[in-house]
Amino acid sequence: MFRPTVAPMGWNSWDCYGAAVTEKEVRQNAQFMAENLKEYGWEYVVVDIQWYEPGATSHEYRPFADICIDEFGRPIPAVNRFPSAEGGKGFAPLAEYVHSLGLKFGIHIMRGIPRISVHRDTPIKGTDKTAKMAARSNSICYWNPDMYGVTNDEAGRAYYDSIFELYASWGVDFIKCDDICRELPREEDELKMLSESLQNCGRDMVLSLSPGPALLEKSELYKQVSNMWRITDDFWDDWKLLYAMFERAEKWSIHAGAGYYPDADMLPIGPIRQDYDKNNRTKFTEDEQITMMTLWSIMRSPLMIGGEMTGFDDFTMGLITNEQILKMHSNSRHAHQVFRRNIEGHETIVWVAASCEGGMYIAIFNASGEDGEMNIKLSELEINVPVTATELWSGQTGEFTENINVSIAAHGAMAFYLS
Amino acid sequence: MFRPTVAPMGWNSWDCYGAAVTEKEVRQNAQFMAENLKEYGWEYVVVDIQWYEPGATSHEYRPFADICIDEFGRPIPAVNRFPSAEGGKGFAPLAEYVHSLGLKFGIHIMRGIPRISVHRDTPIKGTDKTAKMAARSNSICYWNPDMYGVTNDEAGRAYYDSIFELYASWGVDFIKCDDICRELPREEDELKMLSESLQNCGRDMVLSLSPGPALLEKSELYKQVSNMWRITDDFWDDWKLLYAMFERAEKWSIHAGAGYYPDADMLPIGPIRQDYDKNNRTKFTEDEQITMMTLWSIMRSPLMIGGEMTGFDDFTMGLITNEQILKMHSNSRHAHQVFRRNIEGHETIVWVAASCEGGMYIAIFNASGEDGEMNIKLSELEINVPVTATELWSGQTGEFTENINVSIAAHGAMAFYLS
Amino acid sequence: MFRPTVAPMGWNSWDCYGAAVTEKEVRQNAQFMAENLKEYGWEYVVVDIQWYEPGATSHEYRPFADICIDEFGRPIPAVNRFPSAEGGKGFAPLAEYVHSLGLKFGIHIMRGIPRISVHRDTPIKGTDKTAKMAARSNSICYWNPDMYGVTNDEAGRAYYDSIFELYASWGVDFIKCDDICRELPREEDELKMLSESLQNCGRDMVLSLSPGPALLEKSELYKQVSNMWRITDDFWDDWKLLYAMFERAEKWSIHAGAGYYPDADMLPIGPIRQDYDKNNRTKFTEDEQITMMTLWSIMRSPLMIGGEMTGFDDFTMGLITNEQILKMHSNSRHAHQVFRRNIEGHETIVWVAASCEGGMYIAIFNASGEDGEMNIKLSELEINVPVTATELWSGQTGEFTENINVSIAAHGAMAFYLS
Amino acid sequence: MFRPTVAPMGWNSWDCYGAAVTEKEVRQNAQFMAENLKEYGWEYVVVDIQWYEPGATSHEYRPFADICIDEFGRPIPAVNRFPSAEGGKGFAPLAEYVHSLGLKFGIHIMRGIPRISVHRDTPIKGTDKTAKMAARSNSICYWNPDMYGVTNDEAGRAYYDSIFELYASWGVDFIKCDDICRELPREEDELKMLSESLQNCGRDMVLSLSPGPALLEKSELYKQVSNMWRITDDFWDDWKLLYAMFERAEKWSIHAGAGYYPDADMLPIGPIRQDYDKNNRTKFTEDEQITMMTLWSIMRSPLMIGGEMTGFDDFTMGLITNEQILKMHSNSRHAHQVFRRNIEGHETIVWVAASCEGGMYIAIFNASGEDGEMNIKLSELEINVPVTATELWSGQTGEFTENINVSIAAHGAMAFYLS
């Protein structure tokens, strides 16, 4: 299986455009990424759900919509939204454009085979099977109306082979597969079959599983069949969700490894939910965004930007182009929470990680609603000698002899590299 | 709501023919009932599941079969199986035939609207709505592939109105609705809407809910919206299932009342499962069948014969034409289990009921695997004087002074009327 | 086993005096009962918990109190509270007094053997065993500090034999055993052993199990080893508790039978909680008390008065001396709830029972907080002819032809006898 | 709180002598440790449960035994077993002896206050309180009969203060407290109070909590109030228990930190269960013992020897004196399981840890029942360059370029240091 050595970094259309993103919007974000972010390691441009739905207008799904399929029952882009797909070219032209920028191209898929393919009983490419043979009539997604689950047999496998053959021919580098991550163990066979089809398609593709929360007791399976899996249901710009992520992160952090990464979901920053109102911006405070980037980075979650990047302000650009933070994201190993306790009235959460280049990372979070002075003894971190420390967000360097005394804003964070 | 004063008695095609019964078989059983059983109170002739599926051949369902619907998306009989339905006449000719015999006609329906109606988007009769508007894309039956659940709104109600209008026009007297009984509280709104549509259709119809086990905490709801509800999953000719029924019956018996009856399911007697082998006969022993009829009758379960009646032997005919047992079925009130304990090595279960004509019923079951002498004190039944007793199966009459001493075969039963 | 043919009726000291009742109070209530209530069937006078605790002053228990035991480690009455027990006479003089009034005498016991007997290692009467051998060091009551559980062996049985021998010698007619009813199945062996010891003691004694809620799945066991068992935790004068009793009563009513009765707990009427304040009276409204007596009577719950009877007013005396209600309590059979639904804005609960003398009882409860007109069709009760009905509380008689139209106060009830 | 920088290493009397160890046995093991093991870091000598029980003979407890207490109700050593305690000297002489060898001395306690102190109502030292005031009558240990739980108030705290004052005066360095670890959150207040009393006693003592399994959601509390806590119920020489430890270890490993350590329980090696038979030896194979030492060491569990050390053979001595393994135990940081999967038919479990001196530890376990060749790619461990590796058990050094190819015996393990 393809195993990226750093947790994938990129942009995804969902937070901003829901099911309704257009080619123009994808291209403008790809161009922005190439010009401004590529040098920092950002590379994936991912079109999220229902690119095959010509009538999509928001984050909602129309039941029984006439989605676009080809003669073999495979979803293809809605040409009214993705004009370059005209003439049966699918996402190949868009992928080519993204590749021309030095970036990689990804798409979202739903587990399964389109219901309309089944009720039309389309043939499965290269076989004498038809869609009705590949579908399980009682396997559906409860929140999206498009698909039936796929049978764990020759017909089902042929269908999955046929879609990954198509996506490989388009030049897809990243598959975000939905309705599959937390559905274990019920849909475990289908996940394994899908993963094998993807691995056999002849092109390296990242496989990202959604939605969460993933099941802790299935961690080994996720590692084997995928590259990333969502540890949370949809994450949005709400402190309660960010606060809750610490507990999920604590349980999942040790499961990041060689090409597989627990996924804390996209970063809802800058302009988001543009399908509802062009004035929408993230509701996270700046400190909360720093907390989010610090936690995601030390635990090595994939980093997928959710906002419309052409509308990013200086703060947001700084957030995603801090080289020291991104280096922590790349080099962090064995990250885990050390403790979480009340220190002088403030809920204080401390994480550590080793750097693969030597040295150590420490992240300190103020999870309380008030700014606070925090005093942590080095010995609590099993450090028994003075250390030189660089705070990653500010770049300031100093020495800690016995204690780390810091002042952290409400919902804020600091991150240190100790050499 | 129509409220039958005796728990419905009749014949149902499922145990014998699964999803594949034909008009010929229905007619021959109706004729047999009219000639041999009508005088004992048997009256309903019910066509079970998938009479709209031209390719049905057994108890299994074909996924994504092309089932028969009319221009308004409503299931109609498969003409290859029900020839009299030709020309859009539906079940009207068959119902007319059954009525001509002095009997009543029933059909099975699945909760919901056919998936093929939805994917074809048929209009809903008498409205400007279409099937897509009446369907819930994420509501399906997990064991049958035919339907989507129906929306709890104007379009959904119009669809249910339209089918009961059709069935009333055919002369249907009994609706067995499936995928709805144990699905509470999830599908509670749909059950209420369906029941209201049925009550407003202008024709008295019994409403029978399936499958079970029903939820005890929803007993009051079942009483209000239906006439009978299954207290068990499918019941078959297996002692383990019959043995388990005692516990369900104990909990449900007090919920039988004025036109509503907990339903212990059909009586798998005589030739059954004929779709698999014409030699198939019930595996119940004669004593087990006596136990079944005794329990169903004292608790006032509906009595629906499951076997091919034209093949019934003398024992089976005796089982269903015992006037005293059927009188208990009709007159029993306040039936309940008195105790269930080991008496001299035999698991002994005792039930009592009052008769609405005065007097008292007592049923004694030997739930053990060996014949046994049983000795029950009258005082254990709160009877403190000698009583005259008639054993209903044998017709023998005698007097009990202090004890009931009886010899009951393994898995067998006796029933007494005490005057 | 002793099997009373009517559910026990009497007085119990708990609601009024907690753990602190004195001989004087017991005697005055016994005398009152003999003079005013005996003729209506009231007969048991029961001294509740901790009569062996010289320092008891309220409903609370002193931990590690020096309770009174005899040389064989058996609890004996605290002489400061029960002067007639002086000289080792135990409750014999008090029992003799109660018997002299034509009444019966009962006491409360805790499951187990006193901890102080164990730590002093007293001998077990008539054996070479000692208390340490009969005690289970890890079996205690979580809400009362007096006892250890008893071993299921020769030593344990000898201890239980020794206490019932003593209580029989005193003339005890009724044992309320605590910490044993809902503790099943953990303490099932001890319950069976205790019941056998009691049955072998040579004197008929009612065995009452406490506290509840009892376990429905153990109903058959309760019937076999006891005469009554609590279906509820302690019941007090609070509408919420009374309202909740309907659901418990619905489940348990069919388990009343020949000498065994589900027990809805004592009647907190008149002066209660006198240990805290002499001005305390029941907080139940009169209508609520009528509802309570109606439900307890139709379901045949034991009736144990909880208040200080010498302080009863006319209403309270009427409540417990209504001959028709008490006849229903005696004659009711097969009682069960018929339905519970909203009728014209009022939660209406209807119960029926057969009378063992012929005829039928109907109880109608207005469980809503407002007075209401209720209209119930006779056909809903499976009555299809006009009936003559007597309302039991008022004594009014009339005829119902098609409907029962009644006006019932908030939280109130009516009860009818239909002949 | 006292915070040992390495997880405690020592000997405990339980596995070998149960509740019955004698002073002679303690002294001979202390002497053995001083002469043979002290140089490797082993230092604690711990007397396990019921040293105050003169009649203890095995791993079982006598109910209601007359345990030894002083005038203030505090447990003191049984002089028949610990002669040097004579004259009220307690464990002071034995502790002094252990200290004289350069070792540390520990004892086991039960949460609570002796039941016999309570029933005798002994005074609490230095107060006007008595034992009855400090005891909770409904708080007991379900598997040991000696104690009542202690009240969370002035009397209770005074009792705990009084015992730790006594133990500090004896020179105790280590408290293993039982009946407290998994009893959270029910006994959480008592744990906190006990921990505070211990911390205020004026002497550094390790606090070890037992038995397990500890509650993962209470990890932060354990860290704050103790030094080690049992993650398992009693561990014995049984492969099933060792196999099950991997899953517990996976969850708990990240919770080892600065002076606090999840505890996988004692090492049942060499002669154990000597109270039952002098011929008893551990049933673990040598490979299983290597697996155990490897897992305990990489995860930094405390290491407490359970066997009679004077009877250790060469293998066993090698097991506990391997300097490289003990260095891993001391230096391991951020240990965690990397994966657990089937490799060529063998269940393969791989752990990693960073060394606090730089470099990395890898442990590979063959959890299958057959010897196996295992092939692990370095890239699966996120190592992308050739590394020099030393196998810790054998001392062999070599270089891995792309793969780790090893042959591991059934139930065996290897451990590598990568520099």
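By written order: A, B, C and D. Residues from 1 in each chain.
In the analysis below, contacts are C-beta pairs under 8 Å (C-beta built on N, C-alpha and C of every residue); 3 or more make two chains touch, one makes a residue touch a chain.
This one's a predicted model, so the numbers in the text were calculated from it and none came from an experiment.
> According to the touch definition, list the chains common to the neighbour sets of chain C and chain D.
For chain C paired with chain D, there are no chains in contact with each.
> I'd like the Å distance between the centres of chain A and chain D, where a centre is the mean of that chain's Cα atoms.
Chain A and chain D have C-alpha centres separated by 42 Å.
> Measure off the straight-line distance from the CA centroid of chain B to the CA centroid of chain D, and report it in whole Å.
That pair's centroid distance is 64 Å.
> Using the touch rule from the top of the page, what residues of chain B touch 2 or more other chains?
none
> How would one label the connectivity among the chains shown: line, ring, star, complete, or other?
Contact pattern: a closed ring, each chain touching exactly two others.
> Identify every two-chain combination in which the chains touch.
Per the contact definition above, the touching pairs are A-B, A-D, B-C, C-D.
> Can you name the residues of chain D that touch chain C in the complex?
Listed in rising order, the residues of chain D that touch chain C are 63-64, 115-116, 118-119, 121, 132, 135-138, 140-143, 145.
> Residue numbers of chain C touching chain B in their complex, please.
These residues of chain C touch chain B: 3, 5, 220, 223-224, 253-254, 257-258, 333-334, 336-341, 352-354, 356, 358, 379-382, 384.
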